[in-house]
Each structure stands twice: as C-alpha cells, then as structure tokens.
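Chain nomenclature is as follows: A, B, C and D, assigned in order of appearance, with residue numbering initiated at 1 for each chain independently.
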Amino acid sequence: MNSIKRIAVLTGGGDAPGLNGVIRAIVKTAISRHQLEVYGFLDGFYGLITNKYIKLEKSNVSGILQRGGTILGTSNRDNPFRFPVKKNGETIYCDVSDDAIKNLENLNIDVLVIIGGDGSLNIAHELSQKGVKVIGVPKTIDNDLSATDVTFGFDTAVTTATEALDKLHTTAESHHRVMVLEVMGRYGGWIALYSGLAGGADVILIPEIAFDYTKIKEKIEARMAEGKLFSIIVVAEGAVEKEGQMVVAKMIEESTDPVRLGGIGQVVTERLAKLVGLETRVTVLGHLQRGGSPTATDRILSSRFGVMAANIAAKGPWGHMVALNGKDIINVPIVEGIKELKTVNPNGELVEAAKSVGISFGI
Amino acid sequence: MNSIKRIAVLTGGGDAPGLNGVIRAIVKTAISRHQLEVYGFLDGFYGLITNKYIKLEKSNVSGILQRGGTILGTSNRDNPFRFPVKKNGETIYCDVSDDAIKNLENLNIDVLVIIGGDGSLNIAHELSQKGVKVIGVPKTIDNDLSATDVTFGFDTAVTTATEALDKLHTTAESHHRVMVLEVMGRYGGWIALYSGLAGGADVILIPEIAFDYTKIKEKIEARMAEGKLFSIIVVAEGAVEKEGQMVVAKMIEESTDPVRLGGIGQVVTERLAKLVGLETRVTVLGHLQRGGSPTATDRILSSRFGVMAANIAAKGPWGHMVALNGKDIINVPIVEGIKELKTVNPNGELVEAAKSVGISFGI
Amino acid sequence: MNSIKRIAVLTGGGDAPGLNGVIRAIVKTAISRHQLEVYGFLDGFYGLITNKYIKLEKSNVSGILQRGGTILGTSNRDNPFRFPVKKNGETIYCDVSDDAIKNLENLNIDVLVIIGGDGSLNIAHELSQKGVKVIGVPKTIDNDLSATDVTFGFDTAVTTATEALDKLHTTAESHHRVMVLEVMGRYGGWIALYSGLAGGADVILIPEIAFDYTKIKEKIEARMAEGKLFSIIVVAEGAVEKEGQMVVAKMIEESTDPVRLGGIGQVVTERLAKLVGLETRVTVLGHLQRGGSPTATDRILSSRFGVMAANIAAKGPWGHMVALNGKDIINVPIVEGIKELKTVNPNGELVEAAKSVGISFGI
Amino acid sequence: MNSIKRIAVLTGGGDAPGLNGVIRAIVKTAISRHQLEVYGFLDGFYGLITNKYIKLEKSNVSGILQRGGTILGTSNRDNPFRFPVKKNGETIYCDVSDDAIKNLENLNIDVLVIIGGDGSLNIAHELSQKGVKVIGVPKTIDNDLSATDVTFGFDTAVTTATEALDKLHTTAESHHRVMVLEVMGRYGGWIALYSGLAGGADVILIPEIAFDYTKIKEKIEARMAEGKLFSIIVVAEGAVEKEGQMVVAKMIEESTDPVRLGGIGQVVTERLAKLVGLETRVTVLGHLQRGGSPTATDRILSSRFGVMAANIAAKGPWGHMVALNGKDIINVPIVEGIKELKTVNPNGELVEAAKSVGISFGI
C-alpha cells in the first residue's frame, strides 16, 4: 500500500554536471505523476543534520537543466555517522544520525532521495539500515561506480578533458614538446582512457596499468623516428609507476593541502624532462572537470535517473538506487552499487582498441 | 587460413561526424596489427566504379580524428547495381557491379570495408552475395539502424541540435514566442527525442507518434496559464499529423528540389501561428547536423568501430558489420543490420521519461 | 544640480546577446555608485505603455551576465507614437505617448534608459523631444548603427555564423558541394563579411555590393580548376543581384509570413544549381544568430555600455546614447546615432583584405 | 622601384591562436596580388640559423585558418644574436646573425617577415639595422605590445579563460568555495581583466595594481553578508602583493623548472585559506590559453595583419610592423612597437567599469 506523500532530496559530495537535471526530473515527476510534495535539504548531509531545507515546486526547477552545479548546494565532509564536532578545542567525530532522522520525522518526510557518490551512497545504506526509506542516485564524474554502466557528469568531464587535449595538441606540435595533461581518476582511469582516445593521445597512464618510464620514452622516440617531434600524454591522478606502489596516489589521498597542484602529472613531467630530449610541460585540469553546462548526453541521463528515482521513491523498492544497464534504466539495491569500484579492464576491448590506434600505456 | 594482404575502404552516403575516425582506426590497426596494405576508394561507390583510389599510409590519417567530413570523399547516389548512365539524352540505370568487382580484382583487394548507412550496407550485402569479401561499418546520424545500439555521428548531431535549442530558448522567452526547430529524422525520431530531452523542449513531434494540433495548443496554453509565455517545439522531419498519413514526409522524400527548406517544420509553424495567440518562428537546422568536429563520444565510438572492422577484415567473419551492443563492440551479419529500421518505442522508457518531465508528444 | 533619484530601464526590439549584461551593469552601477533606485519596464515599450514594471535590485541581476535574452522581456512592434489599437474590427495606430509619459511621472521616474536598435532609439529621441530625460544604449546584432564602432551581440552573431561555416565546410568538401549560408544583415553586410572572413568563405554577397551570377560561377570554376571541388558562399539577407534592384530585399521586408524561410539565400542556391555542375545546398541561420550565451567580447562591451549608461543617467548629458569609439566608451546625442546606417565600404580595407585572401564578392 | 621577388616568413616565440591565419594571408596575398615567391623558415629563428625551410604555395595554406598552432613550427630560445652553442661541455652564447643573413642571401630572400612577440621583434629590429629588409607582425596572447591596440590570440585566450570561469562558477556556488584562477600576464593584466569582466569575477589581481590581502578578505566577507557564500578570483601570473615587491613574479621569471605549476595563484589561495572561513581552490590555466581553434575575431585580425604584411613586404616601408589602430590596420616602425609595454591603466575606464559592476582589485 502506497502511503508516500512527501519526499526530500539532497545532493552530497563533489560537484558534477547533471545534478540539477536529476533534481528537476525528480521534482517534476514526483509532483505531476505521483502528487507528492518535495523538499530539498541544503548543502548535502549538512542540511539534513542541521535541518536546513526548502520546499521545491516546479517553478524552482524551471530553466536549471542546462546549468552546472546544484541548486541545493553540497558539501564534501558531513557524514551524519561521523560528524565533526569541536570539543575543548579538539575535533571529535560523533554519530548524529538520530538527529538527522528526527529531522526527517518532524518534517514528515516519507522517503529521502540521496544523489551522491560512493561516500554518500554508503551513508544512504546506513540510514536505510536504521529504517529510513532511501533512494540512491549514483553520481561521480570518475565513472567508477560498479552498479551502473555510466554515471552522469562523466561525459561532460571527458568532453572538457578532450577539449583541453585538442588545445594542447597544436601547441605541442608547433613547439615540438611533450605535453602532459593530468585528469581526475583516483582509482579508475576512465576519464584518462576516454579523453585520451578522443583527444588522440600518444600515451595514457591509468591506475589499472602500472607504467614504466622506459616504455614511455620508447614511444616518444618511436614517434620522433617517424618525424613526429611531439607527444601528448594523459595521466590519471591515480596513475602509478611500476615500482611506485601507489606511493603518489596515497600521498594525494592523504593530503589536506588546499592548494595542492598536480601530483603524479608533475612527477611524470619532471622525470620525462630528464629522460627525453624534448621540452616537457604539464597542465592539471583540476576543478574544470566538475563544472560547466552538462553535455546533451549528461542532461538526458540525469533526467532519466531523476524520473526513475521519483518513480521508485513513490512506490518502492526503497533502499534501491537507479542505474543505467545497457539501454535501460533499472534499479538495484544500494548495497550492490557500493560493494566494489568499477575499474578499467587492462585486457578489455577498450584498452586493446586504444593500443590498436597506437596508444601506449607505458608498458 | 588467413591470406588477406590488402584491403580497401570507402565511405558512402551522407556525411557524418566520425567518418575520419573510422578510417584512421582502420588504417592504423590494419597496418600495425595485421601488416595489411590499405587502399581508399574516392567519393564512395563512384570511386569503386570508376577506379579512383589512393594508397593509405599512417601518415595520411594523422591528425584527422577531430575533423568532420571524410578524407576519402563521398557521394549519395552511385549504386553500382543501379548506376545512372546517360543514353540518347535520357538517364537509364545500369548494373555496373561487375566492373566494380573487376576493379577490386585488378588492384588485388582481398576485402572491401564499406562505411555507410542503410543504402550502402544494402550494396555491401549485394556485393557479398556476388562473392566479394566485405565488411560493413554502420553510419547514420539518424541512429535508425537496427543492428547497433548507436551509430557514430548521432551524438554530434544531437549536440548541435541541443545547442540550437539552448540558443532559441532565451529568444523565445524574451519575446514570448513559440519557436519551432526542425531536425533530421525521416523515419526515426531519435535526434528530435534526444535533443528535445536535452534542450528542455516542451513539445517533441516524431514519426513514431502521429500528432494532433489540438494537443499542442493545449500544452502551449497550459504553459501560458503557469506564466510561461513561450514554448519550444522540436519536429523531426518525418513527423506526421494524425490525419496526415505521412503526406508531408512523402512529399519531402520525393522532392528533388535542391533548395527545399523545411517541410513539416514550416507546416507546423504556420498552423500554430493561426491556432495560438503567440508569435511563432521556425528554424530548419539542416546540414549543420552533419558537420563539425565530432564529440568525444563519437570519436571514441568511430575509433572502436574502425579497430573492429580492421580486425574482422583481416581474419573474418566477412560479410559482417561491426556494431555496438551495450558496452561491447560486436559483429553481426550485414543482412541483420539492414533488415529493419530502429524506431522510437512510443511506450518505452525514454518517451515516458520525457512525458514525466512535462514534454508533450502532441497526443 | 543632480536631483536624479529613480531611473527605469527597458529593452526594445529584437533579442541580442548582451542585453542582460547591460541591464546588470546599469543596476549595479546605479545602485552602488549613484544611490539610485532602478525600475524595469517589461516587454519593451509595451510595458511602458501599459504600466507593467518591476523593481530591480542587485539580487535580480545576479548571475545573468552569461545568459542570452533579456530578463525584462522585449517586443518588436509597440511604438507609443504609433500603437496598434483594434477599433470596430480594424487596427488603427494611435499616439499613446502621453499615457506612457504619465506612467513615468506617476512612478516618479527621473530618467528612462532605452536599450534598443534603430527603431527604439528613434522613439527615445521623440520622447526626449517631449521633455523626457532619456538615455540610449545602441543594440543591434547587425552592427549597422553609425554612432558606435560596434554593437554588443554582433560578435556573438558572427561567432555563431562562423561555427556554422566550420560545420558546412567539411560536408561541402566531402560531398563536392556548393554550400550557401544565409545570415542576417538587411541593410549592412557586416555579419556576412566578418563570418565569411573568419569561416574561410569563397564568396560573400552583401547589400553594399550588387552581385553578378556570372562572376560567382567563374569563382567556383576557378576553384574546380585548382582541384577544389566545393565552395562556400555566405549571403546577407539583404544581398542584391546587380540587375535585381533590391527586389528580393523589399519582398522580404514587406513579408508578414511568420514562417518565411530564406529569401535571397534560396534564390541564389536555386540559380547556382542551374549554373554550375555541382550539387548546391542552402542553410538559413535565422534566429540562431540572436540567441545563446554572449561571447566574452559581448559580455565586456555590454557591461561597459551599462556602466556608462548609468553614469550619464545619474548626471547627464540626457538625450545622449553610449557608444564605442576606438578603445573608449563615449556618449553622443541620440540624434547622431540614428541619422544614418553604417554600411560596409565596398572599397575599404576589410573588403580589400577579403579579396586578397581570395574571397569573391560576385563582381 | 619595386624589385621584391621572393619573401620568407617565420614564426617566433610562444604559440598563439591565429599564427596560421597570418601565414595563410601572407602567402595568398603575396602570390596572387604581388606575384611573389614565398618561403617559410621552420621552427622560428632556429630554421633561419640552420637553413631549414620549405617553399610555400597556396595549397600549403589551404584549410589552416581555423587551426591553432603554426604550420611552420616555432621555438622560444633561438636568438641569432645570442645563440646557445656547446663548447667544452659549457653553453656559450654566440652571435650567428651573419650566418642567418647569409642564408637569406643564398636563398635570394628579399624580405623577411617575422611574426613574433617582444623578443622576436627585437631581433627583427637588430636584423633590420644590419641591412635586412624585415617586416614585423606583432604576436602575443598577453596583448602587452604598445604599438597595436590588440594582438591576435588575445581574444582566444580571453575566451578560454572566460569559459574556465563559467565552469568554476557553478562549482564555487554549489560548494561555497573561493575559487582562484591563475591566468597568463607576466607584466600586463589584460587577460585577467578581460576574462574577469566577462566571467563575472569578484576579485581581479593584476601586475598594475599591487593588492592587499585584507581588502580581498573584506570583499569576500561583504559577499557572504549578502548571502553569496562563494567568490571567484582571477589572478594574473604577474600579480603582486602590496608588500611583495614583485618577489613572486621575479621568482617565476627566473625559474627554469619545466614543471612549475602556479606561482602567485597558489600563494594567494594558500593565504586566503587561512584568512577566510571558506574552502579555497586554485586552478592554473597554463598552456590551454595558447591553443585551440582561434575565435572569429582572431581569425579576422590575423588575416588582416597577414594581408597588410604581404603588401608592405612587396612595396615597403620595410623595417615596419603591422598594427591595429581603432578600426584601421596601419604600419609603424618596428622600433615603435618594442619600446615599451602596454599595461592596464589603473585609473582608466576599464578598471572603473569593473569596479562599477562590483569587482575588487584588492585595494
């Protein structure tokens, strides 16, 4: 028996193009198709914990499909099960999930839709286990969530990285340089692989395939022998040297430095500057990958996700998240989506295709 | 036993962003992976019939991934089984396929790779039945080929149409106008549906769902009642009025007028100008949908198609075409790819999602 | 003595990218620098006549710089000196300017800022002569206003037309076609000349240089002789054949057909289809030229115009309009800006430069 | 009496969008209008010194207008008056200008056209003083050459920086962050000022206006008081703190680190992270500003420059460079163009306009 009358939405974790498309589709579908009321918690879980929210009408989501960002705001570090509280000058972490749940009850929220990545979906699962009806919508520009073929935001990030490679290409060629572009991808090399394929890169370095400087050098020299006095290298931020044992990746992950610029990209560039007789330059794409108007593909995917999320928010199954499977939008238990990361298959068709068009993975 | 030593490539039919990506991947893969020689026939089947060709080396395909068009040229109307010949002032159609096959034999071409749409793949099939080893690569910006989930060029066309909708949006809003955009799609409403979803259209008219002017009027008036004094309508060129019985679509198809502008888009706009109390304007996107640098998605898909085409050209199965199936590149008998068109399911998830975000299909 | 306390703004005539930039700069400057109150009349002069307005605070203009259109709305045909009124089933034109002025007085508007083209600035001048303190901001994507070097919106329109030419280029080349692009410019060939130069056109047809079909044919054939089997032609909508005596342009101007598509572009394409032995195709860019996010150049120019408009609204000289002169923003009497159109000099450096890079003007 | 029969072209210094447009216009104009032969030295002055060149025909420059980079190649550090030579393991700098001039004589080059920035134009001047007929074409994306109103490449760089700001905007807003973008501009703040104006920045830091952290903090806090919990800061790489005495700029200039990332941008971000209670992030745009397809504006300007350069190469005055002056292309003695840098006027209309729309310069 369907007694759902009021739902709430929040967006957690890092920004991703398409968040507004999801919110818009949820609000429109929930109101028009299911006669639900919709609320939005502000700034991710922080708003849930501190009870900051707005009511969402169709007028609130008018004209937001093509805009980057999220009208609800987001925050990276506000886990209700591990919320930072200052006590006697020190930061301690408290479980404030009961307060969060009380906020939902006081506002008569029947279902909470959580749009977020790995971290947010874990919180969704924990809330679910405490009895909250939750719906998950997977979000990561890194595309490394296992339950869905693709996540929204990924296509926009790949497009931005590809445009950057197009720009670097002509300069590399004019100057006979090795140009290194560091892109996102801490655990999965998806952005690097896709943008490298699309941008005509010569070398792609990803976390899934530990690389060897000697092989990169060989590739660059093979190109020079063909009269191509420049090379383009895409490096995922989580790429690792064969001997490196994830050292750099770990260093980055643990870093709290707000202005850190370029980890592995910088390291690779420095090293190649010494190994090959060409000028080398590095560019770190950084936050540009998270912003901007979503591509057509991401607007469509985020809309479809939002529609399905509203549909299952209204009728169940709760505790599920939406996902893309081939051409279909499906729903799967949230616990499925978070159990492992989706990484690039080093022997799969994509990597083989890349090798066939001449791309080296540094091995 | 693999005795393939030399292959040839041609691009047939209308232009599509990604053709160069396919050619590039075929040449690189065929030469580096399979030690084949590669030739390219110029201007589609016309070059095959008249024996116009070039040898393709890796240097010929350097730097072409990001360029629209085809370095081999193409032509729309040169079917070797029905080749137009002038005789006594009249045009008669002759079967010159034996000449075409002789050209292949004289040049010692072992396999012919045909990149083209419905028409070109039919020719591929006929050549195959006469004993030629052919490989097909499906190409249509309309995305209406049944054997493959998506065709390259489609994403670029959708992106161009979406950008057009973004531009029309602000003007429509500022002027309180009904803006109509006519896009490609004679038999399938894919471009209209995708770009309409991505561009936030209010009405989408496609061949698969015969429309009713009264319903469009109701949608526009419902928006006005909400204070939205403008509407955006996307019309596939093959859209039909409920009572219209494909009349317009037929008219367009049979037209030989080189400067025809806007069929159904113009008709819809004229009619709505009389039905609703708002200014109406039409834009026909036309050839802009076929051009431009391919999107990242189309560059990747065309590269993957090209790699697979070279692989099966080298080792078989011949008589097959490449295709995208879910996340995989597969190959299927060409005859599979051409037996029926892939059209939008009027009751499918995509149309339902569009309706959920408020889009009317004029019914 | 400066007694200006409250100003109002309206946007009249056709949409142009940058209108929101002007409004934003006026509101911010008027409030922060001059402590003025700002009102906005809605939908151009229609709002002035019918007393529809909103108060504009800084929050109203937040985030609008990058958006096309105008947050105030606009309308094309609501001249207070010639306002259409239905009487006994007929439309008669009445002078309702006294009502408009009374609305200004009742609202205590000290200065009215009118952002508009030729027509709107003429109304501004007439209001000025009836004692209203007015400030003009020139606006036309056609760039044909004589008092200013450039108008905002022009760079965006040229960019859109150039992108269209880039797209047509590859298709023209692949298919060996003559591609014709019709762009705006009823009296001045600015968009055609600039986009033709930037897009690498082979022929540019503009109102200022009456063309001859024979010469276009010669140019296309000269290219074919060089092995270039395609040509790109840009036609301003006001282009005229040498013998044509503005016939087509007049026809277009007088047309009330809401769905008219392509005047001269279509005519030229039809004619060339008969004259040269190549396929010919036409694309009419139409409303796409008025929309979209303004380019950086237009965002800057519109901001500078708005700042100056607010400054002279606050302190005079009233009856003036802002303008770009070399690198400087200046102000000139409105009457200066409207006395003649700025047209392309057929013997000037720009046309000579175009000829030097091989462009034909059909003469 | 005009005895010029053969000219040569080279591109020196850093890459800039539009170089190919200049080369194309020179070649087309020189051949078609002046019946000259044209050669191109490869890789800037390095090709002149080592006698590496190609003959340039019209076919060489076909289709290059829209491409970034330079088909002739370039290099940053090959001054013929100070050419690095290895001797006994050490690098010494030799004057090899006589060898360069001999190369010109042996190839019968009558005029040498040098497309380059400050450094290249200085070399041009020195060659001129040794009797070589030279023509200069000013090139710098920084726009800091005094003899010309604008340089090509600048508009493209500003467009790239503005697009980056658009992307950062939505993420900044969603996350309540301070986003810092470091752009080029060692001595002139042009790119920062233009892109900051166009991208709706809140703070712009340029070399011409030494900034004060306290004032930036005040601006950010004033925004927070208005409910705007994010800020966008654009920093020119040569920006200086009031107390800083160019320390950072000097450090950068003297740096030979090939992988240096972010000087002042990083410093500012680190400092603000401590000063204000918001997350701060930095992005360094770097080489992306030099690449990509030139904007319509840059394609037109580079074409006009190239036409004029060919005209004065053919007929003189030699020793001059081309320049934009208001709406006109003129030529001025090279010595004029290099005598001082063009910097932003801290009290000029542009800076005042920026302040009027609410932008702080950190003072």
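Definition applied: a residue touches a chain if its C-beta (ideal position, glycine included) is under 8 Å from a C-beta of that chain, and two chains touch if they have at least 3 such contacts.
Keep in mind that what you see is a predicted model, and the values were worked out from it rather than measured.
Undergrad: Which chains are shared contacts of subunit A and subunit D?
TA: Per touch definition, common to subunit A and subunit D: zero chains.
Undergrad: Compute the rotation angle for the C-alpha superposition of subunit C onto subunit D, expressed as a multiple of 5 degrees.
TA: Rounded to the nearest 5 degrees, it is 180.
Undergrad: With over half of the numbers shared counting as same, classify the subunit A/subunit B interface as same or different.
TA: same
Undergrad: State, to the nearest whole Å, the distance from the C-alpha centre of subunit A to the C-alpha centre of subunit B.
TA: 31
Undergrad: For subunit B and subunit C, let me know how many angstrom lie between their CA-based centres, rounded off.
TA: Subunit B and subunit C have C-alpha centres separated by 35 Å.
Undergrad: Indicate the whole-number Å distance between the mean C-alpha point of subunit B and the mean C-alpha point of subunit D.
TA: Computed from C-alpha means, the inter-chain centre distance equals 42 Å.
Undergrad: Could you list which residues of subunit D touch at least two other chains?
TA: Touching at least two other chains: 166.
Undergrad: If two chains touch, include that pair; go through all of them.
TA: After working through each pair, the chains in contact turn out to be A-B, A-D, B-C, C-D.
Undergrad: Over in the complex, which subunit B residues touch subunit C? Could you list them?
TA: Those residues of subunit B that touch subunit C are 11, 14-15, 19, 43, 67-70, 73-76, 160, 163-164, 166-171, 173-176, 179, 258-259, 261-262, 266, 269-270, 273, 279-284, 286-288, 290-292.
Undergrad: Over in the complex, which subunit D residues touch subunit C? Could you list them?
TA: 24-25, 28-29, 32-33, 58, 62-63, 65-66, 149, 155, 158-159, 162, 166, 194-195, 197-200, 226, 228, 293, 295-297, 299-300, 303-304, 306-308, 310-311, 326-329, 349-350, 352-353, 356-358
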